[in-house]
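In what comes next, chain A is part of two complexes: it sits with chain B in the first one and with chain C in the second one.
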Partner chain A sequence: MSSRIYFIICIFISLFQQITAQSYELLSPANIRKFADHLYKQEDYLRSIEEYKKLENYLSSDTLLVRISFAEIKMGHYNEADKIISIMSKSLRYTGITDFLSLRNNFLRINHTKQSYNNEYKWDRTSVNMNLWSPDVQESFNRLDFFRELANFPRKDLLERINIFTPEERDTINTLLIMNLDPPLKSPLIAGGLSSIIPGLGKVYADRPEEGIISLILTATCVYISYTNFEAKHLFRGWFFGGLSAMFYVSNIYGTVKATEQYNLGVKIGINNIVETFLQARDYYSPTSLLEMVR
Partner chain B sequence: MQLFFCLCVIYSATIFAKERLPDSILTEQYIYCKQLHAEEKYFDAVTEAQRLIFFDSLKEYSFGANSLIADCYKQGGKFREALIFLGIASKYVSNEEEKITNKIESIRIHILNRSTSIALRQAEELKLAYTEREAESHYWKGWIYMFADRWGDAANMFALIDTCEYLKKFCEDIDNKKYSVTFAKAISYFLPGSGQVYSGEYINGILSLGWNIASGYLSVEAFKEERVFDGAAILSLLWLRFYSGNISNAEKFAKEKNSELYNSALNYLQLNYKGLKP
Partner chain C sequence: MRIILLIVLIQTIAHPQVDWERWGKKEIDYRKESFSKSRDYSFDGLGVTETILKGALISYWTFFSDIDGDNCPFEPSCSAFFIDAVKTTNLIEGALLFFDRFARDTNPFNRRKYYRIVKSGRFYDPIGNYVKIGRD
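Presenting the complex of A and B:
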């Protein structure tokens, strides 16, 4: 008798499960969340954000808001990320995660868009109350803030803050600091001056020796031809080649200045890329609690 | 023992019920994807197709959904992504017809992407694998040659198909209208500027001729007056530069005119030709 009862109960429950499965919705909150997480892991950030925003509770879920802000930052939408960060819960704010996210967003915006450091993005450390934060979050914040300062105002007193990094990293960070303080730039004024004395010399200074040699040959040859034509009393040809040499001379100086500016830009971009690579390898020093929310 | 057995049955039923969505839901989703695609809402169509693929645990719709995503990317001009999804779809073909469709779609995307050698190879593979599809292979080879600016070869391909007389004549017409780059360069060697004039760039041709005459005159005069260095400098720095510039300009203008001709031809076909296009 008891066997039959058990059997009947099993059949009934199994049938009930099948029936409820048939009313299973593709767009149920659980399914939307699963799909959104899948898109996020596939790095299809635009679609994952759209899916997360379909969930009714996304505004009250810190994990979702953190993921959305990360996705916006990955796509370079820094303003949208700021808006998402600003609506995160107070509980997240007390832990310092929100401040860290803001700092990270700020740093990436400055580094990637090269927007000038104006009052809109000014970071006021005195408004940040770190006492309630865990040591992990405090450490992460201080480390990333160091790089934010390095990107905006590289200065010698940052050396005093190197102790917040691990001993293994200090040498590398010291090198990065020195690179930012004293990048190997070249002066456009010196380059232009050198080219005005000897055509092409400024280009050699700007690390373009082949162009410098060509400039020198062209200008010198035109000058010589102009001189010999004047000597041979061919006034028109003399003035023609004289004009040509003047044109080469002026364009050589202009070209030298531009070449130097391009060289300097290349150096700055190179330094930025080194810093970026260093930070990416360390997840921008994101605290463990934050990384768990986005993985 | 009996209780344990019952619990196992209930648990299995629960898992099975929850993990597998009913077919009707997936079918509706597939229809919805196709509807979005037909309405040209490609972004949404890709999203919904991705959703279908994610929840289709038995992979019944994998071929269709991935093919649809590939077509959406193709319509958006993202050929690399289109080829990736087409490649994924090819792993889920269930019959020969789907295999052929997948192959032809791949050829079409390679045509649009101008990957001529890959497209030709795939068209040849289609012909070898399916002899009954020889005409189709020739047809797509014709389009491959058109996109590769080989209109003569395209005309020859269409000549092999009875029903493509219009395309054959169209290609022949374009092939006759094009400028010969070799001829433009050749006549520029003998008479600087003539290649530009042949391509319809009259002012450029006259200027080029003028510069060459002027620099040639200056060089010769310098040599006559025994100012050998001057003559050599003018010859190498001016005359030779104008002369070689004239030849490269002749080539460049002929190619530019041909590009304009080919692009307008392809544009015309895009808008007016009613048959199958890449």
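Presenting the complex of A and C:
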């Protein structure tokens, strides 16, 4: 008897599990939101945006719009982020969060693509009204705006605005400003000139010494072979190797100029990366109210 | 009999999972994919000069490249680089770029700090590194 009851109870439990499993709604808005938040925290921004957009009320929810714009900025989709920022509510605009997001978007666009914010997106600094903002948002905005000016047009008078940062940061920011004003670039003209005097010397100047040595050896070898062939009256071979040495000589000058341009590009990218690492460590000076919405 | 049925039932409820392999994080290889453009042996739509140059190119492929094998440490190979350079710029500038590439190819010293490595193990050095693609 007791075994029969036990058996019936087990059947009942298993059936109950099956029934409750089927009645559970997998794709409810709450579950979609949970999944989207999970993807966002995992930094899977593309899929999290897809999931957020499945929610019916995402256009009227500032938190969701801020997260979507943040995700688009993180992926480098600056145009899409601008569109999302433009549809945020007026109440959020009065707090200054919208302008801060717009500023962050423009700073990253300038830093990554060197497109001036004035050209296409008409973002006007003077149209921003900071009077209604909290001191926290104003401070954050001014600090990030300093870096936007630094990326867009580094100049000496930015030094006067360094007081908006904490005393501990001022030395570092001063160094970053000097790096942007006077980056350690190399002149392609000097590099080309050096290569024209001694083949390969310009590549040593452009920080590629091994390639410079090889260029010198190749050109010198071809010149020597051409000379010995002319001495031995083998005119065809003399002209052939003479032509080769001329090609190596001219191509070395051309390649040196290109190598110097590549070096300079590497330096500029390096400086941009240093500035961005500095800002990432500080969450781009984002105000606390914004960080609470995106965490 | 009932006990056996009970055990089977419990087993069915307790082990619904069919896939026993754990879904772990895959190690992603961020290196660029290798690419090899297929060779175009046709003469369609070419002018006189282009036909002569294409003939010389096909001769090179047949008598040198195919016999020598795929030995270039760079990707694209030096001959493919020359073709890309001439197509992007002009014959003279393309020749200068090719001779510079040849000089870099003969460099036996450490090249890792100058070039990225693709999945085939070769150094990635496309024409886009030297010439702006799509320039007017």
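By definition in this document, the second predicted complex is superposed on the first by the 258 of 295 C-alpha atoms of A that agree within 3 Å, B and C clash if a C-alpha of one lies under 4 Å from a C-alpha of the other, contacts with A are read in each partner's own complex, and residues count from 1 in each chain.
The definition used in the following text is that contacts are C-beta pairs under 8 Å (C-beta built on N, C-alpha and C of every residue); 3 or more make two chains touch, one makes a residue touch a chain.
Quick caveat: nothing in here was measured; it's all calculated off a predicted structure.
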Discussion item. Output check: A:232 vs chain B and chain C. Expected answer is one of first, second, both, neither. What do you get?
Written reply: first
Practice prompt. Mind working out whether A:99 is in touch with chain B, chain C, both or neither, as first, second, both or neither?
Written response: neither
Worksheet item: Per the overlay, which chain contacts more chain A residues, chain B or chain C?
Response: B
Worksheet item: Is A:149 contacted by the first partner chain B, the second partner chain C, both or neither?
Response: neither
Item to complete: Would you sort A:254 into first (chain B), second (chain C), both or neither based on which partner it touches?
Response: second
Worksheet entry | Touched partner set for A:82, first chain B, second chain C, both or neither | neither
Discussion item. On the A-aligned overlay, A:3 touches which partner chain: chain B = first, chain C = second, or both, or neither?
Written reply: both
Fill in: Partner chain in contact with A:214 - chain B first, chain C second, else both or neither
second
Item to complete: Once the structures are superposed on A, label A:224 by its partner contacts, choosing first (chain B), second (chain C), both or neither.
Response: first
Practice prompt. List the residues of chain A that touch chain B in one complex and chain C in the other.
Written response: 3, 6-7, 10, 13-14, 17, 218
Worksheet item: chain C touches which residues of chain A in the complex?
Response: 3-4, 6-7, 10-11, 13-14, 17, 208, 210-211, 213-215, 218, 247-248, 250-252, 254-255, 258, 262
Worksheet item: What does chain C use to touch chain A in their complex?
Response: 2, 5-6, 9-10, 12-13, 93, 95-100, 103-104, 106-111, 114, 129-130
Worksheet item: Contact residues on chain A for chain B in the complex?
Response: 2-3, 6-7, 9-10, 13-14, 17-18, 20-22, 24-26, 31, 34-35, 38-39, 44, 47, 50-51, 218, 221-222, 224-225, 228-229, 232, 237
Practice prompt. Mind listing the chain B positions that touch chain A in their complex?
Written response: 2-3, 5-6, 9-10, 13-14, 17-18, 20-22, 25, 29, 46-47, 50-51, 54-55, 218, 225, 227, 229-230, 233-234, 237
